[in-house]
């Protein structure tokens, strides 16, 4: 007779507020849910009537952790709605900024939020006393991501100069070269991080999932744009994503559950790796090999390692982009895109997965409808499914409350959920 | 150092984007130095566990639900010093954009298939409208250096002094040309400095995320922008992004949406 | 006074010989503006610039600087700031030169301002005479500051045929000139031509409001209760731009930066501020002795045209025109002075 | 190499002032007795002030409330009003503060000799005047009659109660006080300070007046004094303005062309009356 109750009120070391509730009676899981309890913020209501130029600044405030991602998605969706095609160097700079945000976010997650579990301490602050070098390395890498954003767009949390149509300030050649030097100087720290994760034993757990990420033509490990591609074989243009991804609302969460016709799916570092592993730079491919990653992995805990691989990938890609941008002719003085009616949807990879923004504008360039589908919401059904499987495995092994609780927390953390974003769902109201 | 009690700090979060908490972690270089002088005992984003034993509470986010309000009052009871960090905590930030519209109506638009959650408050409020706030670090997000300045002054036993000069002063001295001259809507004259004028230095106009100075020249700025031919409605909308809690702005919003935003919707 | 002729091609040579001894700052583009910045590449030099927004004197009296370092626990354990590396300013307009002269008088008179003296002493000034007023708001003709008279180490005077006259104003200037082999001493003919060109140039500087200095000062003094102050400040945003861009504004506030790390020193900093900011004259957060924008505008003009005249014997306004040119509300000295001179009457 | 700044001058860098005594006067005011390093004398004149500094809270001008003395310490009366003064109030004996000064021009004590003295103090204005009052009382024979008028908001706001009682009991001093708001068992006079002038016999021709109080008080006291025929040149007023430097450089304390920190804070009305921003 197994009776067990796990109630993790206020899941810690994730961004935002969430709870895990599990009730087991007679060895059977009666209830299992990941609650997202953040207060709703009604961005949709707030956006209606605002001029399109303001939208990136408003939607950036959906989430301070992936602010570059939200801003990029908002700019791209707005540009599509306005029928504006930005010059290629604008795209290159956006990629560079995504790289910086990935480095900062993945290091924050890997070293600050996930790592303490592997050392049995409550926080990175405790690690600061026992393993100061590890923490200092992580802090340096995190600062690298921040400093790149500060140099290029003013700051990382709510980037300043990213605008519909381009950048209100174009960085100087020196800025790009300075950023490049900083990244190159971080090579040792990245190597340290790979080594750190090499030494950590990933919990073994088997839970296959359908994996979805953007993939583009060409050779790039794509983050900025492309075709929504599923490991199950589907692919669809970014503005048609709702053809394969459906959403339903569940009563216990202010986020929406997403699924494909096959059921739940996963997005994020591990999914990107699964979809784009053939496009990794050599140094990133080597890191993947050292960390024992495989594109058809069925272990969701491997997301931690996939993030480390992506940090290496993004650093390499960023150096390449710095060279490209330093050599490119800067675009002219920033001009706001002319306002007009239209509708546009864009997908962008953000650290936690694929992010979709869609807007509909009236003739004056004001928002009449907005839609935003965020990665944690897409993952939520899959997280709950994995939790189900994990609790089953742990119960079979006869583990007690504490082990179940820790296992569940670690699993949820491995997905790097960003709950701040999750509650800021906007209305899905696109009828084609 | 053993023997010397470090002040205990809790970091708390209500309705917002968590960016200001992240700015605390973003102290990076100074974080370890700071940890030699304080003990962080409560920080959900970074730390498992928590206690009610803290002297200083750093609180981000607005109060937008009944449970937010209860929790904040408890924090106030526990903390000797309560510091609001960020625009959401200070002035509701852009959460306040939803005020002026009924919560139920907003809910039905965003979650059409779910019953209204009675926990959601009709109006989003800044911390100071719920409890006494000892000091505010303004901005969306907060500036790391300003946070450090405030914390070091508090650790020295002093009271931090809020800025009383406008962003314009900092902006000009940074060598920026004035965006108003370009016909842009810029609120630098209204907001207190301390952000290093980072927005205007990066070509984006000031949205007054740091709130308004006492006696901020709202009417002068409105007059000036209108003389430049800028649409009054657009100026008011922009002022409402971060300024919905400022009295002068509330009056302008009332002018734009008589009877609140619902009334207009009902009419149309 | 020694004078040489410098071919336009040799300007870079002159800069090189100055740079050998000083960190050289020169006018360069910054977006649509100009600013004095360390010159890295001769190609970036804009010697025929109209007006920098931030005056070159800010290199001696920067917007923000460390006054001294302190130990937070021991109030008197103080360390001075490191001596500044001496700088050279290349291409200073005569009005800005006059501005530096005024700051010199204010800061280097006892009690001497250590930080200003630290930056200013050993510096080297190369002035350049203007071919015409920089901007519509320039008052250099009225203020007679369009010719450089003193304070410079070297003075460049444009001349026809891509050449310059170079005049020395100090021993340091002589030394630099002597080290430049490519300079040719000016001949009698050169000087005659120079005088002709000078006269032609001077004709382009026309007075805007037509009051001599003592009359202006007296008229301003008499305008205390005039309605013009509230009329002129109607749209004033109290943004302080006029103070920030003024080459002679020098008021400041003091802030401390405490160290985060135990045992490290803190900084006591000076932050330049301006009398047009609403909080400038607030005492103890309560009483504002200049609570209205009209009072503040009046104080700024009185400070330049009355109080500094009493103190220095000359106006504190050098007529550069920046305050009006960069005022978002369009408050212009020339209009204020015209009204004061009686040319335009204010409607009550 | 950074040089160690020699603090001997006490002009632009502070010296360490050690708090050797603290006395609470009211809910808002405390008196701090301060000693300079090495037993140095401050050597001030009544009416002068020092800049008191605490790192992290900046500096504030505080008038010296003790009379010049051969002793080795001096007193500051501090109202907890801003960030710095609140922090000062939380300090204890043995703590150190930064001291610069003394600055400015005080009362012209030599010129005042031989005259009758009239002191008009409102609220915290008693703090700087006390320095002069005690200076005069210590040299009683060099001055004529001494009249002290003191106004406070409530009885509990009155400063230096022990001295007020002493003055009241001293037959060689005409001491009168009034409060704006009657409270508790207050049996004394209630009304603004100018009501104290009623029925007083003053000899304007041979009297020097020293006035210090809140800005609004000056206007009414001056009307009273001028109406009674006091000479503008024999009325001295002490002004409070914002200051950052004490050196006549920062521009904050300027009243028209005057830097209060250098040519003030004490001005004769003959001079101050011509400063249009002064009153």
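In order of appearance the chains are A, B, C and D, and numbering begins at 1 in each one.
Everything that follows uses one rule, which is that a residue touches a chain if its C-beta (ideal position, glycine included) is under 8 Å from a C-beta of that chain, and two chains touch if they have at least 3 such contacts.
None of the values given here were measured: they were computed from a predicted structure.
**Q** Going only between touching chains, how few steps reach subunit D from subunit B?
**A** 1
**Q** What is the shortest path, in steps, from subunit A to subunit D when you may only step between chains that touch?
**A** 2
**Q** Select, from all pairs of chains, the pair with the highest number of C-beta pairs in contact.
**A** Pair with the most C-beta pairs in contact: A-B.
**Q** Which chain maximises the distance between its CA centroid and that of subunit B?
**A** D
**Q** By C-alpha centroid distance to the whole-protein centroid, which chain wins?
**A** The most central chain, going by mean C-alpha position, is B.
**Q** Using mean CA coordinates as chain centres, what's the subunit A-subunit C distance in Å?
**A** 51
**Q** Give, as an integer number of Å, the spacing between the C-alpha centres of subunit C and subunit B.
**A** Chain centroid spacing, subunit B to subunit C, equals 38 Å.
**Q** Let me have the rounded angstrom distance from the C-alpha centre of subunit A over to the C-alpha centre of subunit B, please.
**A** From the centre of subunit A to the centre of subunit B is 25 Å.
**Q** Do you know which subunit C residues sit against two or more other chains?
**A** Each of 72, 258, 282 in subunit C touches at least two other chains.
**Q** Going through subunit B residue by residue, note those that touch at least 2 other chains and give them in order.
**A** Within subunit B, residues 152-153, 156 contact more than one other chain.
**Q** Which residue numbers or ranges of subunit A touch two or more of the other chains?
**A** In subunit A, no residue touches at least two other chains, as defined above.
**Q** Just spell out which pairs of chains touch, all of them.
**A** Listed in label order, the chain pairs in contact are A-B, B-C, B-D, C-D.
**Q** Report the residues of subunit B in contact with subunit D in the complex, numbered from low to high.
**A** That would be residues 152-153, 156-161 of subunit B.
**Q** Tell me, which parts of subunit D touch subunit B in their complex?
**A** Contacts found on subunit D: 54-58, 82-84, 86-87, 90.
**Q** Quick one: in the complex, what on subunit C touches subunit D?
**A** Residue list for subunit C touching subunit D: 68-70, 72, 74-76, 78-82, 106-107, 111, 113-114, 224, 250-256, 258, 266, 268, 275, 280-287, 289-290, 295, 299, 302-303, 306-307, 310-311.
**Q** Give the list of subunit C residues in touch with subunit B in this complex.
**A** Residue positions touching the partner: 30-33, 35, 53-54, 63-64, 72, 234-241, 244-245, 257-262, 272-274, 277-279, 282, 326, 328-329.
**Q** Residue numbers of subunit A touching subunit B in their complex, please.
**A** Within the complex, subunit A touches subunit B at residues 10, 12-17, 38-42, 44-46, 49-51, 54, 57-58, 61-65, 67, 108, 112-113, 116, 122-125, 128, 132, 135-136, 139-140, 142-143, 146, 153-158, 160-161, 163, 167-169, 249, 251, 254, 334, 420, 425-427.
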